[in-house]
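Structure incoming, see below.
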Amino acid sequence: MSNDIYENLSQLGGSSPMPASPEEATLETVPNPRPGSDYLVRFTCPEFTSLCPVTGQPDFAHLVLDYVPARLLVESKSLKLYLHSFRNHPGFHEDCTVGIAERLIEELQPKWLRLGGYWYPRGGIPIDVFFQSGKPPQNLWIPDHGVQPYRGRG
Amino acid sequence: MSNDIYENLSQLGGSSPMPASPEEATLETVPNPRPGSDYLVRFTCPEFTSLCPVTGQPDFAHLVLDYVPARLLVESKSLKLYLHSFRNHPGFHEDCTVGIAERLIEELQPKWLRLGGYWYPRGGIPIDVFFQSGKPPQNLWIPDHGVQPYRGRG
Amino acid sequence: MSNDIYENLSQLGGSSPMPASPEEATLETVPNPRPGSDYLVRFTCPEFTSLCPVTGQPDFAHLVLDYVPARLLVESKSLKLYLHSFRNHPGFHEDCTVGIAERLIEELQPKWLRLGGYWYPRGGIPIDVFFQSGKPPQNLWIPDHGVQPYRGRG
Amino acid sequence: MSNDIYENLSQLGGSSPMPASPEEATLETVPNPRPGSDYLVRFTCPEFTSLCPVTGQPDFAHLVLDYVPARLLVESKSLKLYLHSFRNHPGFHEDCTVGIAERLIEELQPKWLRLGGYWYPRGGIPIDVFFQSGKPPQNLWIPDHGVQPYRGRG
Amino acid sequence: MSNDIYENLSQLGGSSPMPASPEEATLETVPNPRPGSDYLVRFTCPEFTSLCPVTGQPDFAHLVLDYVPARLLVESKSLKLYLHSFRNHPGFHEDCTVGIAERLIEELQPKWLRLGGYWYPRGGIPIDVFFQSGKPPQNLWIPDHGVQPYRGRG
Amino acid sequence: MSNDIYENLSQLGGSSPMPASPEEATLETVPNPRPGSDYLVRFTCPEFTSLCPVTGQPDFAHLVLDYVPARLLVESKSLKLYLHSFRNHPGFHEDCTVGIAERLIEELQPKWLRLGGYWYPRGGIPIDVFFQSGKPPQNLWIPDHGVQPYRGRG
Amino acid sequence: MSNDIYENLSQLGGSSPMPASPEEATLETVPNPRPGSDYLVRFTCPEFTSLCPVTGQPDFAHLVLDYVPARLLVESKSLKLYLHSFRNHPGFHEDCTVGIAERLIEELQPKWLRLGGYWYPRGGIPIDVFFQSGKPPQNLWIPDHGVQPYRGRG
Amino acid sequence: MSNDIYENLSQLGGSSPMPASPEEATLETVPNPRPGSDYLVRFTCPEFTSLCPVTGQPDFAHLVLDYVPARLLVESKSLKLYLHSFRNHPGFHEDCTVGIAERLIEELQPKWLRLGGYWYPRGGIPIDVFFQSGKPPQNLWIPDHGVQPYRGRG
Amino acid sequence: MSNDIYENLSQLGGSSPMPASPEEATLETVPNPRPGSDYLVRFTCPEFTSLCPVTGQPDFAHLVLDYVPARLLVESKSLKLYLHSFRNHPGFHEDCTVGIAERLIEELQPKWLRLGGYWYPRGGIPIDVFFQSGKPPQNLWIPDHGVQPYRGRG
Amino acid sequence: MSNDIYENLSQLGGSSPMPASPEEATLETVPNPRPGSDYLVRFTCPEFTSLCPVTGQPDFAHLVLDYVPARLLVESKSLKLYLHSFRNHPGFHEDCTVGIAERLIEELQPKWLRLGGYWYPRGGIPIDVFFQSGKPPQNLWIPDHGVQPYRGRG
């Protein structure tokens, strides 16, 4: 694989400022070097935080993103910056999770995409949101996330 | 997603009294912001307690609720209050678990719902109750609960 | 659910003597309060012991019972007493495990039943026996047992 | 050891009503059958719930009690009922935990007592309270509680 | 314990805005209801985030705070708000961790205080910072944090 | 089940010498007491060792055997002795694992058989061999082995 | 070490009947082959059961025995038979645990002995009993038992 | 199985130099001793390192390779050397992972091959790449990898 | 703390080439911002690799470094580069581990330093090396590393 | 450290035959490259097997060796061969464990040595043997072995 595909990336390598909102974040892509295969790419993002739209208090989540690239790969640093852009963004758990998935689908046009949002507990009850864009491509291999369940104490 | 959907909620934000019984508990709902997708919402509720109808002694359970919203989402604080309303309610394990599921189905009219009740041991033997409303919607992604099995000691 | 269904139970509440053998143990049942649904009931029984028919030495097992009630539920205290009745009963691992399943099938006439027997090691090699009464009812939800595998030491 | 020491117990065996408050709960004791030794008795109580004095909402805790009996043992069923008596009792985490320890010290007059309160999270932050009555008796063996730390999600 | 001690709290119960910086955050206290005992209070705070002073990128940490109250307890909601106030604060790992400890010592004047900062990896290497205010009070019971070590992958 | 089926066993009970090679080992069988059911028997054998045919150095493996008996059960002590007979036997990982499975198939004529060989690392890389005799019988219940993956250190 | 020290053992090797009570059980000993060293021997006994003296119901425990031999080692098969002899013995948790320790001390006259009894839960609350014969010999190495704590469910 | 099949191996046994690049690495093969069966061979390789093509910094991964041999087995020492040959090789995560799989497919012509690459985190976000050569052969048994998910800290 | 202390750092922020050997690696330091306290800084480095001086094959280790800063902190990026500089360095396990510790002591002049080297297995046997510079400073808090022990398979 | 210290090693690198008995095994040593420091070397040996002197059946153990070198290091390949030499050696658990420790002490003359033998269960009861040569050198750092306790099943 030639490295030219990374030539047009603006964020990789340098020190990029954190985007002020999801709308201002730019997702950069590179051509899929193996477009003939259906393979799965998984990003595990335990450093996610947004704001509660009602109380303004911070929310935290552990996100796991799975996708099958079609023509494009997401560049990982721009993905990181996109996720960081929720830092001052108010949004409900279900809405943030599904919204991130939809943005990525729109920009990457993947063959398939799945996003698990494992949110930290509020009121003693954590919420998980499990979204996928449809039936997985046939013959794909998708290991479980294996995220340990919440159990309170003890 | 506009926040207006939360306008009519009476319990969110304020300090709500614990309902005296399941019958007195009000489940509040909000419109599903993503009604076009089949996605799963999971609530993990390790703080559940009711009473044994025979002895009057407290029972405890760890509940995990999964559902696929149709037109409505359950508002999480009202769910918490509903679960707390069993605190003085006598009921058998199988009955409480299935009863909660049925109440939620009635009020949310979800596309699909699943409830796992993991009850604390009595007589050295814990009971689990696993209910679902039917065959899961096609193409849905439903990770395992992964609740660790009971093992006595050692 | 009315509590009348428990009216005829002789063992619940009081202090019941341990039956001397499986044959002498009485399994009590109550009407299934939710006969219209296929739901799973799981009992985890880490306190099981019987005797080796060849050496007379004690054997120990961790049992996990899953069943889908039809018309009847097994009353949990009578189940406990039935399991305790193997304390002085000689029987091989495979035979005890399958025999318990068959007795429960006979008395409960469940829609489906599964019994896992995880026996303590003899000769450095534990035996597990996994029995089910047939193909599970369609649309049933049956979480894994998740019993940790044996590994010797280290 | 003769069983006479249990003769005066009023709660053991029968079905005892849950006391309405800690004040109404009676802790029963039996003579220590081994008063010449310093040994440790540990009770693990994952089924504890009380009320928040400010909001009236339920709180949950996992308690682990360690003590070295002097002249008296606490009878375990009365201990269970005592803990259940907090079900409708408003109290802060620190206060409940230390208060339980003080009540037990007063009634048992043990050589030493330790109580760990592992409270379920509120506001995303669980509180633990670790109390002991003083320096442990010399030569005593006190294994760690080993309660798994809280970690949010992921 | 009377609840009057909570009378002067301004943040408890209501919905408090997130302070813009640590300097603007107010730590509220209540009188120690058990000033005669040396007991340990542990707060586990897995929801902490600040900014890297060099790159402006978010940093995340899991904090565990242990202290032995003297005259004052820290009120937990104000502690939460104080920790949230680092959300837009630039600071190095060692500096944030020790700075939080020093602020708490100044305001609570505890008998003893310990703070463990378990920071998320940067450059593949996480940093932990372990601070305590001095030798623990004699006879105190301080269970290990038991935070699982970092291990990369596999 | 009558115990007569064990009458002809020569190894059970007494002290049997370790066979010098797999060829010299005798696998003893007993009639399947439940030939009408498809149930699974699992043996977990963490005490297996053989020799490397190239270097003569010892190899170690953790074996897990699953089979569905037809007319015969393998007697567990003779299985143990058979496995011990590899102690001085040179053989490659793939060959030993599949060879054991084939020998058992030949002697037991089971409805189905599966053998997992989890070999200790050589050159920093462990090999696992997963063999099954064909498609499992319909309706059979086959829990995962759940053997923890190898991870090097850390 | 010569094997003559095992010459007088009556239980090793053969098939020994289970003693009917602890009193009838014989603990056999062999000379300590390394009497000049203080080393620790640990037996882990997860297969222990006795009877509740009040209800006659079975109790179960996981026992861990540590001792530093003086002149004698306990022969492990006779230890097993001694523990099995509690199968029909009524006794309270504290009493059984300390009683076993005292019997072993009397017969082995060890330099030091420790017994941990981890009892299965009754009434939702397990009891552990931790006994040691005194201060451990100086310079001895005694790893923790590491028995996982009880946690109810979830 | 005769050992002749190993006759032509040049690397086994002796001390082989580490190849300078993947291109220079030779994968050696041996005939499949059991070509009539579909069985799975799994190699777990926690010792993998390559270089980032942009920064030149080292990357690390934990690889798990599964394949179903057709006519050839890969010799494990040559596999180890091949993996080590990436030590000075610049390549992106997705490219290295899929490239290794393709090389192995080309040389082994297996019935089926799967490669999981679990890469160490960069920028706080680890990437996993899951590739398989197509739909697994019918009736094959393929246990999960069970690699523990990444979770940051806490 | 002012950020000026970072002014003279040459490696932070930019993209630094990997040093060719430990001798060529520069460890950069910054003034300890809290020189009045004894606190512990822990770096966990799961990405370490060197070469075997006899065979030239790669070795891997998981390192955990603990130190108590005196006048200087080590800058973490330069530490990372220093560790990476062993990539082409031949050295035995004991020698590398202790050598790294000595280099750090020389350059940082810390109050105390500890280094644990957890090496991947060779010949089926991993080696750990545990070094500390002397008795820890009084009153220091040093949590266990908690690195999971090696166990082969199963 | 110069590599000359390895010059006289006869086993390293080449293919060495397995010694027929412990007596025939040669332990090779190299000069301690850091004789001025007290540091701990730990070998974890999960591949140990010997024979029961009474029944001739194989025994298995997981050994963990800790020592503080004085003038000599043990060469790890010769240690492996020494341990393998017990393959046909009859010996009791206590005797093998302490015997290995004594042999190593004799040959290495270490400042201190500790050996933990974690033996696989016989009769349902595993034996651990914990030996150390005396009080550890002052200021030494000796992490726990952390070997998971035995627990039977469940």
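First chain written, first letter: the chains are A, B, C, D, E, F, G, H, I and J, and each begins at residue 1.
The rule we apply is simple: contacts are C-beta pairs under 8 Å (C-beta built on N, C-alpha and C of every residue); 3 or more make two chains touch, one makes a residue touch a chain.
Owing to the predicted nature of the structure, the values given are computational and were not obtained by experimental measurement.
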{"item": "Chains in simultaneous contact with chain G and chain J", "value": "B, C"}
{"item": "Duplicate of the G-J contact set - from B-D, A-H or E-F, the pair where over half of the pairs recur", "value": "A-H"}
{"item": "Greatest separation from chain E - chain, by CA centre", "value": "F"}
{"item": "Centroid distance [mean C-alpha coordinates] between chain G and chain B, Å", "value": "45"}
{"item": "Inter-chain centre distance, chain E versus chain I - centres from mean C-alpha coordinates, in Å", "value": "28"}
{"item": "Between chain H and chain G, distance of the C-alpha-averaged centres to the nearest whole Å", "value": "49"}
{"item": "Two or more partner chains touched - positions in chain B", "value": "13, 15, 46-47, 55, 60, 62, 120-122, 124, 126, 144-152, 154"}
{"item": "Pairwise chain contacts, counting only pairs that touch as defined", "value": "A-B, A-D, A-E, A-G, A-H, B-C, B-D, B-G, B-J, C-F, C-G, C-I, C-J, D-E, D-G, D-H, E-F, E-H, E-I, F-H, F-I, F-J, G-J, H-I, I-J"}
{"item": "Chain G partner contacts - residues on chain D that touch it in the complex", "value": "1, 3, 6, 12-13, 33-34, 37, 39-47, 62, 64, 73, 76-77, 79-80, 138-148"}
{"item": "Complex contacts: residues of chain D adjacent to chain E", "value": "53-55, 91-92, 94-95, 98-99, 114, 116, 121-132, 134-135, 144-152"}
{"item": "Footprint of chain A on chain E - complex, ascending", "value": "15, 17-18, 46-47, 49, 55-58, 60, 84, 87, 120"}
{"item": "Complex interface listing, chain E residues touching chain F", "value": "149, 151-152, 154"}
{"item": "Interfacial residue positions of chain G with respect to chain B in the complex", "value": "46, 60-62, 118-122, 124, 126, 147, 150, 152-154"}
